[in-house]
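Two complexes follow with chain A in common, the first pairing it with chain B and the second with chain C.
This part shows the complex of A and B:
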């Protein structure tokens, strides 16, 4: 037989692929993945809104659900041959068995991936107008997620080829969900890098390129291994298995996920030009206009009362290991879950709560010893006084009599009291704190 | 010209032999394969369709040894097969289903569209070509199954109970199609309907308990029967007589 030119051969494969895309499990997979994507995005917009890296990371967080769906879809598609009693007829044809297996896998993987990417493209339309940092390796994180969807479909294909039972697909999907969940909560280094599911990295951090390449290599090898076993290509399966192990070992035994370096571009400071400085990382800078009106009145009150801390800075920009308590000059702000879909500030109260680090007494935690409740109450009074300038609650919170008494003092006396409180709190001088809490 | 050659074929399921020392030679033309239930007809069809590996014996299809992988692939390219239990993908249209099998049979891509239309036309389903398989009646499904079997103009066509579900008019048309196909291909039709054999087959083989007990022309099978044999037609009487004779000889 004369060899068929590549172009004509691929044209026929494309035509068969189109048939599979229309008539196989693919349309249902696309719809299910689109729905799952929209649902996941709607559940936690604060994780992805306003940040490209956040969107890519959330794509990987969603793998817990998405991979389970793709495994189920792959299993359903691959099981149809035996369910529909076509195995014998197909076996009698000359085309190598892996061709229809790969064609069916490709159709489901393409359709499912397109469905979920469509949902995430919708989210990208919200991110694009507000995002203030487009750099970093987020593209690669997204790409590894796409590879993982192909891997999940391939594993499903293998399950479907092994079992023609209708329940095999939902059971395989559920088992994938549980397995990935166990790996996630196992919280081991191997699980962090070999599982496609991200536990939710901090968005200003970057995963080393070699780890990302290793993840992609591991998932690709696993894909080939699954498809090769499904098509009973044992030599190919052995080769892919060897590659999978060779790639997995260095990735799983390499540096852990808790010492990821910051992306220098993402943590570059962006500060307000006037008044007490409010500085955010570039990746969170889209929140600056919303953060400043919340933070600045508190900073002004602080500087008027004590002169310090005099600035509020995004904790993402702090060197690794920096504690969350104030260093005297700086109040650290946490902005990782602080964005609405359109890029606004999601929870001003959480931001104000970051100032509690200023008023919290620096008392060492002692086991089997309850902190003095009077100190605790006084720290609440100090925090309430500090945050009062921009404080509003609905319905109004009951006013503490101690706070009322403090507010009744002349402003200079209020400042002096607050300054004395901070001094005593910094030293954990409990007697001095108790004295400050007594009516004067 | 012999294009299917079977020598010393033995197939068993577990310890139970289904075909035993079977010898068969088939040339171009339509051959009927008759036999009672459990005689081994479907097993023989599956061996010839290359989906069942025999325990022993030599099978040559279209001059190729099935034990040679390259020969097997070449033989499969020239093979058409309609199994007894014909499955299908319900969401595929008839055209897509036949095209899918044309692709599986490694037909040249440029020949596929025309071959698909021709196969569908030959089974009389052209007006339903774009209907989904799940919307077809039992007879139409059978015809779609025949269309996928003949799409590659096979040199060896194996049809296991092809007329099941066809109405009388469709059976008449199908016999005409069989005669046409048998002009330049080996067509082996396994059936219980002996009148189909008389009407369409040039030769007939009768299998009983895994052994070939008769092979010859339909008129020779008819001649084997006598007026006292059971059966409503001459061929049924011949069929019954040959079976009775084979069983008595085996005792």
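This part shows the complex of A and C:
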């Protein structure tokens, strides 16, 4: 038999791939993945808007749903030969056994990935005009996600080849979702790195390059293993299985998922030029123009009353292990879920709530003992005094009589009261706090 | 109807396979429900939303293949009262699933427990039965799978009547409105499947 020339062979493969892309499960997979991508992006725009690293991380968060769909699509495509009773017909052709398996996988993987990337490209069009930091290697995180979609399709292909169940596809999809969910909730180091699903890293953190490369290697080996078993290429399967284990071991011992180093470029400070300083990390700097008008009036009121804290800083820039509470000079702002689709500030009230760390009494939490409710009420009065100067609610909220009494005092007396309150709250001096709450 | 005919019907519809699958789903639902309810960082029994949404869906997907035989055209040509058989088959399957899943949610059955599992069983089997009549047994799982997954992914937290109408799979059972769409879906499915039988997609290709 004359061997088929390479050029002709690749032309044949391209033609078969085109047919698979047009007539197989691929178009439906592309549509489903596009819909799922749009849906996921619409559900939590605050996670990805305005930040490239946020978009890449959300792509990996979405793997929980997207991988399940790709497994289902792969299983549906691979079960086609059984459903149509084509087994004998295919074995009678001179094509090697792995051809239909790999082509079916490739068509679904390409179509599904294209569908979801199209959806995320739409999101990228919103991110591009506002993002203030493009570094941090976020594209590698995205690339590993794309590899994971191929792996999910390969696992689905294997399930579809092995299982004769009519409902193998949806069951495999749901089982994948549950399995990935269990790994996510398991919250172990191995699960964090071997699973394609991101638990939602803070966006200013960076994953070490060797972990990302290891994840890609692990997922690629798993893809080859699944396809080799589906095509009954046992030597190839053994080799891929060995590589998968060899890569998985070091990856599983990667850094703890909550101990990732900060990306120095992402956490560079970007501050306002005038007035009390408001400083955000470079990755969140697109919010600076919206954050400043909310934060600055409160800072001015604070500095007028007590002189401290005198600045508000994005908590992303704080060294690891910095407590949430104010350190005396700085009020920490939390901006991870604070962006609208177009890069505006999503929840000004959350930002204002960050100032509660200033007025909260520093009392140790005691088990089995309820804190004095009078102290809590007073802390609310102090917070309301601090925040209300720049804020009015619509409709107007009922005003606490204690707050009215405080506001009725001359401004210097209000400042003195607030200063005394902060002093007592910092020492958790409950009798002094109760005295401050009594009518004078 | 004699006993042999019933045994043949159950075997032809892969009911033993369904029973094994249902048992597995029930055990998994019980384990997952208890695990979620016992985590200190969750809301106790209120954390069982994934179980309440997904276990009835899985069970209803397993009901799907039992709604059609190997050759539905041949079955239709037999001298049997198929409408009665189909009604009986569907009601019995729903009752079995609901009873089995109820066992998984007996611990604090309110909100996201046994009652919600029963409600979602009715909704999902109604969807699967309706889809079996419309699309055929092969694709009967698709509408229920797509709808419940989409609602679950959206994870709406509101319990207002409008949200309860469309997001019934993830609503607490105490929301009366969430039962309305379920009753309608189950009624439609129970009417359509016996009336029209499994749809055209199960017929062998020409």
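Worth a mention:
Following the convention adopted for this analysis, the second predicted complex is superposed on the first by the 431 of 440 C-alpha atoms of A that agree within 3 Å, B and C clash if a C-alpha of one lies under 4 Å from a C-alpha of the other, contacts with A are read in each partner's own complex, and residues count from 1 in each chain.
Everything below uses one rule, namely that contacts are C-beta pairs under 8 Å (C-beta built on N, C-alpha and C of every residue); 3 or more make two chains touch, one makes a residue touch a chain.
Keep in mind it's a predicted model, so treat the numbers as computed, not measured.
In the superposition on chain A, A:84 makes contact with both chain B and chain C. By the touch criterion defined above, A:11 lies against chain B but remains apart from chain C after alignment on the C-alpha atoms of chain A.
Once the two complexes are laid over each other on the shared chain, residue contacts for A:94 go to chain B alone; chain C is not touched.
Partner contacting the larger number of chain A residues, of chain B and chain C: B. When the shared chain is aligned, no partner comes close enough to touch A:192: not chain B, not chain C. By the touch criterion defined above, A:24 lies against chain B but remains apart from chain C after alignment on the C-alpha atoms of chain A. Looking at the shared chain after the overlay, A:170 reaches chain C, while chain B stays out of its contact range.
Comparing the two interfaces of chain A, the one with chain B and the one with chain C have residues 84 in common.
On the chain A side of its complex with chain C, the touching residues are 36, 39-40, 43, 65, 83-84, 165-167, 170-171, 173-174, 177-178, 181. Within the complex, the chain B residues that touch chain A are 46, 49-51, 72-74, 76-77, 79, 81, 83, 85-93, 96, 99-101, 103-106, 108-110, 112, 148. Contacts from chain C toward chain A in the complex involve residues 17, 28, 32, 50, 54, 57-58, 61-62, 64-65, 137-138, 141-142, 145, 149-150, 153-155, 205. Residues of chain A touching chain B in their complex: 1, 4, 8-9, 11-13, 15-16, 19, 23-24, 80, 84-95, 99-100.
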